[in-house]
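What follows is chain A paired twice: with chain B in the first complex and chain C in the second.
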Partner chain A sequence: MLSPDVCPAPHPQAAGRMIDNEAVLVLADSGQVMVLNETGGRIWELADGTRTVTDIARMIVEEYEVSEEQALADVQEFVYQLVEKQALIVFPKEGQ
Partner chain B sequence: MKNDLVALEDQNIGIASAQSSPDEPCGFDSQVANSPYQRILAKAESQHRLISVHWELTYRCNQRCSHCYLDVLPPDACVPEELTTEECLNIIDQIADEGALYLSLSGGEALIRRDFFQIAEYARFRGLSLSILTNGTLIRPDTADRIAALHPLRVSMSLYGASAAIHEHITRIPGSYAKTIRAFHLLHERGVRTVAKTPLMQENVYEFYALREQAERLGAQFQYDITITTKNDGGRGPLQHRMTDEQLLWFFRRELDPRPWISPRPNGRDRRFCSLGGLACVIRPNGDVSPCINIRVRVGNLRQASLREIWHEQPIWRELHGLTLTRLPKCASCDLQWYCTRCHGLALVEDGDLFACSTEARRQAALRRQVLREKGVIDNEAATPWSNWSGASSTAKSTCL
Partner chain C sequence: MDEVRISVAGVCVALRINDAEVAERTRARYREFLAPDTTPDFVIDVAVHGREEVSPLMPRILEVTTSFHDDILTFESSFGEGKADFDAGYGMLSAAHLPMVRLLIENYLRILYAWYMVRIGGVLLHSAGVVKDKRAYLFFGPSGSGKSTITRLSMEHVVLSDDILIVRPVNGSFQVFGVPFRGELVYAPRANTRAPLVGIFRLRKAKEHRVELLSPARALAELVSCAPFVITDAAMAQRVMKICVELVRQVPVKELHFRKDSGFWRVIDAQS
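Take a look at the complex of A and B:
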């Protein structure tokens, strides 16, 4: 399981845009495009390298009707998936 | 949180790629698209969202290709009207702020610009997915390293022949073939996805299979185009290189896949031929903004107006996007419409009228239909190519969408 204390950021090969509440991610090295739904797109937007997984989960709780526990588990799982697909990278929060 | 992953390979959304698969129907209407990606693009198109920008950074070039639609300038020409580095970076900000996703950097030869990497790196920094179109001759190991570091979606390079003799007969630069081949190798070694782009013409059509094999050996995708266009000022010089009827028939008899042409397609008068005016624009070296490569109408200039103003406030985009069969009565009643890859730009630049029949598209359509008849897959009397073909419905989605 991905640590909730790491900061996700876009992978150098990835480019993405929100288009009408959905995100289109282009993965250049593999030549693939991913379409993320609204929540996934929001997580992608928040994954800018300044927030931890926990920070992102908190913001998801504020914006969507979901419990803290569920949000954290979902964000952890989702970020892990995007790291596997090389759409995101993760690194320790500065100072940790 | 479900997400969908689909292959990008065959998605065709950019200006540069609008003619990259010319042997597929252009009558496809994005409104019927069914993948999540195509659905989003169709929605963006209907909302006039800028998704893709094709940018001709310079008209200077170190090759003199015989069929080129541009009157290119020498590499060392002084071109004061070219956008400065500062202006280019500002335009990238505007493209990114507008929400675009794709940027293609082209020329002339884009790598001639000394600030090419400054521009390209800033585009990546602003989150744009980058494609590069080049002849490859300026790509050396250190250049290839820098390109690889950009993580471009693809680098497309012109390959005109499977041998130096034919390639250089077209580029008119001795030694250019070896340099371009070297670029393919250098980029492939670094994991960069490359595309060998080949306009098929009188001089190289019979090299088709050798070219395709060459591309495969180079680890590149092979993309050909059967249409040679006039100069952008309407000059007809390049047309002498167009394939003859005999050559086109030779090609179609071997390579024409009947399935897309006999699969059902939308049959209404609101049918569009491309996404013109909906998703993309072209920027010229002097900052002029145009609807597409072939429609060189100046909608605005980025030295005089912002991209936002040009993209949102000029009525021409909606007018062009409204170019359906209703506005093209000759096409609507044409017996070749189902075999035609009509290009509005070609009709404008070659036939002098955006609404006219594109005579070149019609020539190709007639030859295409002839070959489909020879293959026995269409019925001479049927109203549409698929009317009397029992297998049409089962393959429609896989071949047409």
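Take a look at the complex of A and C:
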């Protein structure tokens, strides 16, 4: 399981763009293109390298009707999947 | 040195070829797109080495790799290599074997135009294009989705291409431009013309004709997937997406389910 204390950020080979609350990602190395739904797109937007997984989950709780526990589990899983696809990278928060 | 100038989608390339026979064949090949009096945006020196080392009848796969760094496009294949400096407007193409020169020049030009279009706000798309009543319709999808079939069924109209087209904005609205590059229908016309883009259709083979509107994100993803060469670079992919977002905003993208008869035009016309 991905640590909730890491900060996700776009992978250098990934390009993303929001359109009508959804995100379209292009993975340059493979040429793969994918669409993220509204919550997935929101997590992608928030994964800018300044927030931890926990921070992102807290913002998701504020914006969507979901429990803190559920949000954290979902964000962890989603970020893990995007890391596996090389759409995101993760690194420890500065100072930790 | 023999010079052949062609202009595609308003971008002129002067090919300076060191072989008169190759130059003549190139001139014939791109005759609808010749632009001898146009100031070139690019000057490309084409050097042909060797003549008969490879039989033109020998089946070969022309594998091409490209990269783009610091505004310099690099092109490599088993039959030659080339570069193009976008800032200088200068490039070179070195062809190792005469029989493969035609393919090599064609691929080099496809790649050059693909990358350069993004730089100037356009995009080269794997798509078929038809002009009907002075309005352009673009049909796209991966290989096998039906681009050539749609083209065959639209020969009574102006066919721009069955394979590749350029879309770029002119005075704020997107226009579709014909290109000389060939697809599956080798003898299909490739009109050197342009028309305002009014319809974009993702193709799906089906048993009946119908259209469905795609969500903007889905439309964007489908379009970007059909931009060859350029989305293998993250920064360029970002630019392609920016262009395609504008495109999707201006011209709604629909999914065209069609069977093999020209009745799909009635469905399209009913949407207009």
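Quick note on the criterion: the second predicted complex is superposed on the first by the 96 of 96 C-alpha atoms of A that agree within 3 Å, B and C clash if a C-alpha of one lies under 4 Å from a C-alpha of the other, contacts with A are read in each partner's own complex, and residues count from 1 in each chain.
FYI, contacts are C-beta pairs under 8 Å (C-beta built on N, C-alpha and C of every residue); 3 or more make two chains touch, one makes a residue touch a chain.
Owing to the predicted nature of the structure, the values given are computational and were not obtained by experimental measurement.
Using the contact criterion defined above for the overlaid structures, shared-chain residue A:G40 touches chain B, although it does not reach chain C. Once chain A of one complex is fitted onto chain A of the other, the partner contacts of A:Q81 are limited to chain B, with no touch recorded for chain C. Once the two structures are overlaid, the count of chain A residues touched is higher for B than for its counterpart among chain B and chain C.
Contact with both chain B and chain C is seen for A:Q13 once the two complexes are overlaid on the shared chain.
Overlap of the chain B and chain C interfaces on chain A: residues 12-13, 15, 17, 19-20, 22, 24, 26, 28-29, 31, 33-35. Of all the residues in chain A, the ones that touch chain C in their complex are 12-15, 17, 19-20, 22-24, 26, 28-29, 31, 33-35, 41. Only residues 10, 12-13, 15-20, 22, 24, 26-29, 31-37, 39-40, 43, 74, 77-78, 81, 85 of chain A touch chain B when the two sit together in their complex. Partner chain A is touched in their complex by these residues of chain B: 1-9, 11, 36-37, 40, 43-44, 47, 49, 51, 99-102, 124, 127-130, 151-154, 191, 193.
Touching chain A in their complex are the following residues of chain C: 215-218, 220-221, 224-225, 231-235, 237-238, 240-242, 245, 248.
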